[in-house]
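The letters A, B, C and D name the chains in turn, as written, and every chain counts its residues from 1.
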């Protein structure tokens, strides 16, 4: 059994912060390479009392998709996916994300650093109402002033079809909210033990800081136990290495 | 056992005339309500020595389609269907076909006579290289000067995407060939016992008559036996009433 | 999540005036549900046939339940013309949107994909373009410079309701439809999918690798009702054949409005398949 | 009709310079066939990933067999970056057509349907538009008059070859692919579908109502070769898992060109899976 008295880790704080963004939703999809959002989705589902459906790409037990690779995207087009998760090798203060590479775009396809590629971001960022951005590395390198390549833009000009977009950005240090009209992040809470100055120092883009920044709520014992037992087991189906590393499960 | 000495019926002559148009092809599809083309396709397949594939809509044993109603049309788009069959409540001398109704189009949707509708004709007529038209009623009413409603046009203006189109028209009386460049039918052969005058009298549109019009070839005993035994059994899967009526099989 | 309802409660979810996608006769018609709809006195339906209308469309038209039909054809197949449909066309009491099979299906697929429109080959030169003002011809914007390549654009279709019958659902609300994939497209494209089934099995089709490819996930299925012989009299693939006598009886009766009214009201066989 | 060939004869049908659709790591990779292609010294392939490239793309790039990649991503997933791909991008030796998953799939579906192009939502404002001159933004021609609604058009894709691995084929050349429906789309869209399978069963999947929905008809399958463990080391759904040690070994070895050359040339395990 996991130790519920062990301190809450930065990854766990990210999971809890993401889960806090998923209340009252009907259907969440989780893409590739997303163990932390996947854990948050499972937690939110367990806490929802059965009203939330979670679809995890690459899962056998938690995927409704039988119509090939396009179905996730078609499903999102139909308005059937309330939340999705995206990351980026670079994320800037306008919530533009870069999954392609670092370097001058004029040299494309050559790059100083090449990331895997945009995956479904250039579509899902437009059509999923609540996209939660996340990064495991809260540094000025990742959270930069301006991305070198826009895989998917944070905001769109008026008239561009865009029912969806970014709502929040979760890092190991804090939770940012994104205001689509202003195209700007606001620091919403810092995780326990992280100061506002520390966030400011580690962040390469400008963001709003309210007069008083609360601490990201820590979980009660019941939620922590749920996370470290049930969620750990559930996410181990798709991410065994992650679950083993984080909770010794799987 | 069917009697191979019984005279060749008008329907059988149509089947043989259609089958004569299907030599050397790889794949033929047969649509709804097409027992005579279906019989011709089966006959051509049996005579091909295994090189011809026949797909019959509505058949369980002779259909490759597992991807829902669009697959037949997608398959044709891909250039994988060499021949298809269309009929019409009206067919005119430019090979325009009308599957919608008789009457002034200005009154649409009201009609003096309403036919079922265009089915897939407005697409397949464009993309299947060898469309064989057929009608069970060779009269001036059906083979008319100008159709009241063009479900699908016989020819298209230059520049219109049209890899396919009409090649022939088979009736209980004769076989017409269609020249796409001239947009006109030529009488190619008359069935045994039918005169050119009889065809001219029964046809409401103008067509070319060569100086000498041969008789549609009648089948040898082996072909007739194949038709009245094997083909009769095969088509009975999809058209039991037709096979019973025509050959007493099924 | 998928609700399991009585047939009456299932059809209660179809409001008057709804656009409703209905399958062709051979691919899973919810005939019992359609008769319940008629009994309820539903009005002003916009029927979208996928892609042909058959007995259920003729019955709905005969009952005065239909304002508009979009279809590539309406026919009773080997039983001949659809008599109530044909009468309604002659009297001008319904609006008709004639289509061609793949265009109708392409519009549904565009709805499934959230596209506003989809390009489509063929059709040019057909009078369908004259009677479908919602279709448009443009010059292919992707053609080589200087090349005129006219092409039809079709609007996407997102029906209010998709209603059909299938062999079976599982305990989670997943519905097995086999190769009738246009039913999956319709369920995806529709705002609401309502399905009658022969039975509900204690299984999970999505977790069964052999069943999953022919299954619509419960994610897309709003409600299910069990309807034994729910496709009578047109029949259901892999289950039971069409009832030829009943279909012949219908066709004869429906030749007149009075005959249709008698048939639909309460013949013994309809009651036996309620 | 479908030919049954040796793996060597199967890959002999893939000419240098062909455009070739290859699945993502999880949906049926013909790994043995890809190694045979590399052994043959294939050159100038235009790889179309459906929609992500993985180990087979990295191997082909490492072998110098690739002129161009169209993909929404190239990655070894939990094993990290694709080392030979990344090196080739840095050295500028391959052409890259970055895409986004649903756009790449939509182009294949447009190819399947014989469309010249397909409209597509999203993307506007992405730099993908700058690096994809074959994509175009137009004002939606079906928008209400006076409304500007910019939308992307994508050209259709018809690959010369679709190459993948599946669990089984039947005696008629039909191939069961289960829920990996993008493989069916690719087989339909491609000019030539070449498939390796674990085994050929004495059956007819198309006549089996439960198997048929997950089956590609032989109509679309040009040739089949039996390749036992043909998806080693990435694994095959419903058959065998990925060989984690072999994938880890590959990833480590491929960090350098020399390491890659050693791995691909003749490690004991590659020989055991030839």
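Keep in mind that, in the parts below, a residue touches a chain if its C-beta (ideal position, glycine included) is under 8 Å from a C-beta of that chain, and two chains touch if they have at least 3 such contacts.
Note that the structure is a prediction, hence the values are computed from the model and not measured.
> In the touch network of chains, how many steps separate chain A from chain B on the shortest route?
Between chain A and chain B, the shortest chain-hopping route counts 2.
> Using the touch rule from the top, work out which pair, A-D or A-C, shares more C-beta pairs.
Result of the comparison of A-D and A-C: A-D.
> Where the centres are mean C-alpha positions, what is the separation of chain A from chain D, in Å?
28
> Return the distance between the CA-based centres of chain B and chain D, expressed in whole Å.
Centre-to-centre distance between chain B and chain D: 40 Å.
> Return the distance between the CA-based centres of chain C and chain D, expressed in whole Å.
That gives a centre separation of 36 Å.
> Out of chain D, which residues touch more than one other chain, so two or more?
In chain D, the residues touching two or more other chains are 106, 113-115, 120-121, 149, 151, 179, 181, 184, 212-213.
> Out of chain A, which residues touch more than one other chain, so two or more?
65-67, 70, 73-74, 77, 127
> Under the definition above, what is the set of chain B residues touching chain D in their complex?
Spelled out, the residues of chain B in touch with chain D are 27, 50-51, 53, 55, 60-61, 63-67, 70, 73-80, 127.
> Which residues of chain D touch chain C once you look at their complex with the stated criterion?
For this pair, the touching residues of chain D are 106, 113-121, 136, 138, 140-143, 149, 151, 153, 155, 177-179, 181, 209-214, 237-238.
> Flag every residue of chain C that touches chain A in the complex, lowest number first.
Within the complex, chain C contacts chain A at residues 1, 112-115, 184, 188-189, 206-207, 212-213, 215, 217-220.
> For the complex, which residues does chain A have touching chain D?
Against chain D, chain A makes touches at 32-33, 58, 65-71, 73-74, 77, 99-101, 105, 108-111, 114, 116-127, 149-153, 156-157, 159-161, 241.
> Along chain D, where are the residues that touch chain A in the complex?
Residue list for chain D touching chain A: 24, 26-27, 50-52, 71-75, 77-78, 81-82, 85-86, 89-90, 92, 94-96, 98-103, 105-106, 109, 120-128, 130-131, 147-151, 179-185.
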